[in-house]
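Got a structure for you, written out below as structure tokens; questions coming shortly.
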Amino acid sequence: MNNVTIVDMQHLCKTFKLKVAGSSGLENRELQAVSDVTLKISKGEILALVGESGCGKTTLGRMLALFYQPTSGTLCIDGQDVIGLKRKQLKPIRRQVQMIFQDPVASLNPRHTVEAILTEPMKIFSLYDSRQRAGKAADLLAAVGLPPSDLKKYPHEFSGGQRQRISIARALVLNPAFIVADEPVSALDVSVQSQILNLMMDLREEFQLTYLFISHDLAVVHHLADRIAVMYLGRIIEVASKHDLFNNPVHPYTKALLRSVPSITPNKQRIGRILQGDPPSPLYPPGGCAFNPRCPHASEICRGSLPALEPTATDPLHLVSCHAKEQLV
Amino acid sequence: QAYAQDPKTLQIGITQYPANLHPNIESMVAKSYTLGFVQRPITAFDAAWKLVCLECETLPTIENGMAILEKTPEGADGIAVTFSIPKDAFWGDGTPITTSDVEFTFEVGKHPLSGTTAIETYRRIYRIDVHDDKRFTLHQDRRTFNYNQFNAVTILPDHLERPIFEKQPAEYKNRTLYDSDSTNPGLYSGPYRIVEAVRGSFILLERNVYWRGKKPYFDKIIIRSIENTSAMEANLLSGNIDMIAGELGLQLDQGIAFEKRHGDRFNVIYKSGLHYEHIDLNLQNPILADLRVRQALLYGIDRATISDQLFHGRQPVANSMISPHDRTYTKQPIIYAYNPEKAASLLDEAGWSILRKGIRHNDQGQSLRLELMSTAGDKTRELVQQVLQSQLRQIGVDIRIKNEAPRVFFGQTTRERKFTAMAMYAWVSSPELVPRTTLHSTQIPVPENNFSGQNYSTISIPELDNLIDQVESELDPDKRLPLWEKIQQIYTREIPVIPLFFRANTYILPKWLHGLEPTGHLDPSTLWVENWSRVQ
Amino acid sequence: MSSVDETILSVSNLSIGFETDEGLIPVIEEVSFDLHTGRTLALVGESGCGKSVTAFALLKLLPPFGRIISGSIKFRGQELVDSTESEIQAIRGDRISMIFQEPMSALNPVFTIGSQVAESLLLHRHLDKKMAWQQAVEMLVAVGIPDAAQRAKNYPHQLSGGMRQRVMIAMALSCEPDILIADEPTTALDVTIQAQILDLMHDLQERFGTAILFISHDFGVVSRMADYIAVMYAGKIIERGDAGEILTGARHPYTCALLATTPRIDASVTRLPAISGRVPAPGQRPAGCYFQPRCPNASDHCGEQRPPPVDLSVTHQLICHEVVSE
Amino acid sequence: MVMLAPAIEKLLGLNANMVDLFNRMQPASDTHVFGTDELGRDVLLRLLYGGQVSLFTGLTAACVAATIGTVIGLTAGYFGGRLDAILMRITDGVISLPLLPLLIVLAALDLEKIGLPDELVNSEEVSFYRIVIIVALVGWTTVARLVRGATLSIKEREFIMAAEGVGAGHLHIMFNHILPNLISTIIVAVTLSVGNVILLESVLSFLGLGIQPPMPSWGNMLTNAQALIWEAPQLAFYPGMLIFITVICFNFLGDGLQDALDPRAEY
Amino acid sequence: MKGFLLTRGAQALLVILIMSFVIYSLIGLMPGDPIDQMISADPNMTSADATRLRALYGLDLPIHQRYWNWLSAALSGDLGYSRLFAKPVLEVLLPALKNSVMLLGLALFMSICIAIPIGTLAASKPRSVFDYGVNLFAFAGISIPSFWLALMLIILFSVILGVLPAGGIAQSDAGFWESMKYLILPAATLTIASVGGHARYVRAAMLEVLRQDYIRTARAKGAGAMRVVWRHALRNAMIPVVTIMALDFGTLFSGALITETIYSWPGMGKLIFDSVMGNDCNLALIALLFATTLTLVGSLLADICYAWLDPRITLGVSEQ
């Protein structure tokens, strides 16, 4: 693993404008789906992004995959600033970044054959002639472990795991350097999930890929990631290497998260000390640290001001956003 | 049947509801039919097509001295006619009808803002002399043979309508009591008066107690408007109505079929009259400008068979624009009987001799194709069109049918001569009507005269113009006859128009109804409703 | 209240099929298990193996073309398989109730949650509307919904996912049923919320002594909940036993493989062992052992004969040719 | 069946437009299997030719309307925002347009003046084109709304984003990704509207804007038969029945096609 | 709610204003005018008369000027006179509107009352004989020409059985039941024509709802089949159905031309037809605007019903 930065996010924000029903009819509201995210992803690493549903993982992923324009902040991919680029200008950069989607059913056009799906990017970028394209498609299919005879089939003729393989193959067509994988295995069965995870690891070797791996499943992340970023209500609250995060979690939320993960040992019992309450709505975020309403350590300062994401005293690579982090280490 | 009414009520079906009820503004058949029960014009043609007095004592003529030739103040030929209102004529509220009503009527009629449709009828009266309550003289500024015809003038009630008229003449047409208060008895002077009117559905009439004449038999008359003729039949059969008016009733073929099925329960009367069904030929069309082609068209259609088969002979073939029932009708010099051979040879002569796929072409390769236009939605016309098309096809003429909604057809196609070849429709006329508007060369509608006139064929023959002028001013009925004969000769010789039929009205009457006499012209049978009665 | 460990529901040799154009295709084959009061049986298996169908069959809520082919379901001695619709209606929601995976779609969007919870009470306890509402609110308090009296007037869409699942639980438990069937009740939830719901089910089971049939595909969750575990594969229960026996002493190659491929945070492997191939679809199941095409230990006769049942202990059973009882 | 009209015409030795005034409204016989109409023409032949005209009109008009509706609905749904609002208000406007004056204005248009070739204006088929245009002008709104709705939901599906991710342009996405998924929506709309068009044509005939005589269509045969319902009820029965059967068939066809075109259906 | 109604109201006003211009222009653009038609019916009328009358009725002005005149008068509350019927527009319109509302309202009501149960039953027993029957009936309703149906009903009930009047409307002195008798056949015609279509909508919506998870939840609670269908499913199924039916509400006021013609029922359909054909601009315009307005009201009503039936929807926006 070298240290060339492939994705550089500085103060990245994404706000959605919404109309919501309020007390007096429709109100225009802003929803801060992602706030002030500053992160770097180095070439070849797997950065995992974990967090509860609705905390903004997908939104961040889609910004990186160039689907959403960030509202503010800067984003450089492979050294190129992508903020404010037009659709046409983005096109060449898209070859660098690809995305794998969560739902293998919804992400494949049911009316296209596998061949059409796999050759489409080449057509759009006018790569190769039609014979070569078919050959390339077959090669990719082989790379994800499917026979070339599957080229003529439609997505519905495959099982979930096979479909996810096709979707991975599609992501590889343009030879990208960076792949955003948005919960690629959460719709799959465990037995298939492990196949896909293994496949992703293999492909990473073969194609020198960098992944942003979005997941809500800490066990999967534990297996796969090099570094982990924990997100809560649109903000990164803790970033650390896998080892640090699992062994020395600092943020109370990260700790609670880890406690909530069931382990496979026969222990029918209450977990106790679990995190109470629901995550707050991003439409009406609490003041101060977003976690303060659920935090057992919350104090006045937590309600009043936002903690910065800063390295812990012991480890400059372990970043935490908590007012009480020094006490919690 | 369940909905049969009491014997003193008569329920009549007509196919149109009168949009409005003012007698002298805008004429329409449904209105004159309905108003015939409740009002009378000054004069009218009766069932024998004789001019008679309705709201007057004696018809003024030169012979009886009540019409006097005179000069107008400008020195032109004029004529003065004197009428007397019947002594016992009252409005339905008991007010007597007087000469002030007459003065008011002409005042309204002449007023340019009143909305009178045919204003010339009034304008030709430049002065009214009132002698007393009942007698008056009308001075006319021209001398035409119809000096005593006032069929279009119905006397209006001065005591009710004048205040409204004087307040705002331009709004009179909208505010008249005839429409805003149509059940006001004072508006009516006929044997009946209107007691209820539901737009689009029915009008209920009751006897007018102030009616001066013979007491009518029926206490109540309900006029129901039923536009759909099939529904009309069902209404008749179910007893919802007793009779179907001929003026606005079933189509002829429906009537014939009805007679076959229900001739035992109903009398079916067919009255052929003054609806002249014809095809205007556009003489500006180079093909039709050739007389031989026009003749060939006439020879090529078998009107007799159409009349026999489609109309069971009830609708006589027209030889010219004048009905055989009219006194001015003369034995036609040229009768165009069906003769396809002759038609073919005429077309050959005219240069339409090359047959391709059964259609004639001339040596320039132009095909003999003519457009036949008519009003859409008129089933009978569409049938005739298709028969004509099929028959003319036999002599190699390619007829293309193109029909338009009536408002387009009459509003634009005929008036602005948008029909390229043939336009089929009907004229209504009254007995001995002078064909000035349709045949005089000054009546060709062109942009310069703002498309006025109805000479749609664009026939222009000085001799014919002269004859029309002469016949109009000839006061002696017998001296007019030779002029009429000449007009008909030219008409049949030149064929500006293909005459088809004189349309027949179908009256379906219960066996017990007696006294109803169809007239066959514009004055409706209802003007003589007091003669109607129920006889078991 | 019945005593703990009494067998309250007993399923034996249950086979279920679906009528299709190709005829009746068996989906569940010869499934047998018992439920005990105050105890949880977890049914584990991959997607499509028939967990939900089995659960629906217990309440005779099979989808339109589903049929019980054979077998028996005895609830407190009463045979449910051939009971009438009205008999089963009296049991549903009262003695046996069910909660579903997707709490949003399983709640009727047009009724308030209070009225939905109260409905079972109206149907089975014949309470008047006010009483039923009151009890419903109490039930909502019991499942830990804050400010329950107000919340009862909310519609499902106004609640978070975890709250909705609590409502589902309140609804299922409102008549204090003997049996609760929970079909993947936490799959749609976040881990922290999942932990809350699992705790809640623990509490309620302790309180009411309910027997729970807990369906899941996640061994982690199962290990938290189960007293007994039954592992399903392709419509058959291939191994069952006490939670400990299965989680630490599984013998069936499928169970072992499944446990091994499940990523865990308490152990690190560089590469997850994967099971090749895929679950055979109903109607395309192979002869012999259904797992044989994917089984690393398969020998020839695995593909020919149905594997025999093997008893490893009183509670631990499996069907496999390659495992012999000790 | 209706395609065989000319062959059956030969076989029977009759002519669909041949007027025979001596054999009007005959009941069924050996020469005239379904009898004759009010001008003595063979009803069977007219039904067959009328079927050709009606089905062709119905299909063409429905397809043209569907095409317009699809383009508008797709554009509105895909781009959304202001464009969507404008297009949908236009759609609302067209929906609430009074049909009658519109039809009359359209029918009265001087086709030669708009610069159409003389050959076309004077051809027999001009009334047919007119109907197709009229129906297309007013009939696209339903399809537009349906397509817009479907587009809105399809464009949220992830495969659209996936296509965007490989650099696909708007048009590519609209026509290669969204359109194929709209096919069943469109087909159902088309099959349902074919019947409506056939019925609308009969109303148009009544206003003189329909298929001009003597060319038969089920619509104008039905309208003509209305006045003859007492004398010859069968004349209204046959075309009515055929329209009924056609409507049903197109509905079944729609269902069938929907299944056949949907690769997921066999799943 | 208030804000929503205000916005919608403003939008509606704008649409109505634009529509008034479009309709006015369309009527004005129609070739031919009523005065020309009078000529063909009256041999005494001359072209000079026609020119004079055209000026009198203001038909000679350019269309935009006529529209402007109309608009300024209308805004000051003067809707003008009907040229055809020589009466204030509203005086002509209101009775027709009353008749249409009575007829179409009854028909719509009956259609809904019949469609909901049969559509629901068909959906709860898909592919049963009853289901096929409902479908067939629906297709028949769609494809039977209404004139044919109307005439058949008249023949059966008036001519053969003689129990109901063949058409028309009762006299003003008739009693309630006598008046109702005139309404039955036309209402039945319209009902038969529309009930099939409505039933199909209900059926489709119901089938969709019965597939939903919450239906299974209801059954798992021990609710019987009837309760599941009528309480749990129906209200959900009504959400899409109401939208369609509320849109039909607009058609209440544009009338049913053919049925009204055959039964001589003086409603809006016939009135609009006559006024358009008779170039009665004022009347046609107001009548058509009425219909447009009510279509808009109908869609507003649909939205309100929607929000009322479906708590997820707050007027104007749906919560996620």
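For reference, chains read A, B, C, D and E in written order, and residue numbers begin at 1 within each chain.
By definition in this document, a residue touches a chain if its C-beta (ideal position, glycine included) is under 8 Å from a C-beta of that chain, and two chains touch if they have at least 3 such contacts.
Predicted, not measured: the structure shown is a model, and the values here were computed from it.
When you average the Cα atoms of each chain and compare centres, the chain farthest from chain C turns out to be B.
The busiest chain interface, judged by C-beta pairs in contact, is B-E. One inter-chain figure worth recording: chain D and chain E are separated by 23 Å, centre to centre, where each centre is the mean of the chain's CA atoms.
One finds 32 Å separating the Cα centroids of chain A and chain C. Remark: chain B and chain E have CA centroids separated by 38 Å (rounded to whole angstrom).
Chain B and chain C have CA centres that are 89 Å apart. The multi-chain contact residues of chain B, meaning those touching 2 or more other chains, are 228, 230, 405, 407-408, 412. In chain D, the positions touching at least two other chains are 104, 108, 226, 229. For chain C, no residue reaches two or more other chains under the stated contact definition. Residue ranges on chain D touching chain B, taken from their complex, read 17-19, 21-22, 24, 38-39, 104, 107-108, 110, 122, 124, 206-209, 212-214, 224, 226-231. By the touch criterion given at the top, residues 1-3, 19-20, 22, 25-29, 112-113, 115, 117-121, 152, 170, 173-174, 176, 179-180, 196, 198-202, 204, 224-228, 230-231, 234-235, 237-240, 405-412, 414-415, 425, 427-430, 433, 437, 445, 449-454, 522 of chain B touch chain E in their complex. Across the complex, chain E meets chain D through its residues 15, 18-19, 22-23, 26-27, 29-32, 136, 139-140, 142-145, 147-148, 151, 250, 272-273, 276-277, 284, 288, 291-292, 295-296.
Across the interface of their complex, chain D is touched by residues 228-230, 233, 251, 253-254, 257-258, 261, 305-306, 309-310, 369, 371, 375-377, 379, 382-383, 385-387, 389-391, 400-405, 407-408, 412, 418 of chain B.
The part of chain A that touches chain C in the complex is made up of residues 52-53, 159-162, 189-195, 197-198, 201, 216-220, 222-223, 246, 256-272, 274-276, 278-279.
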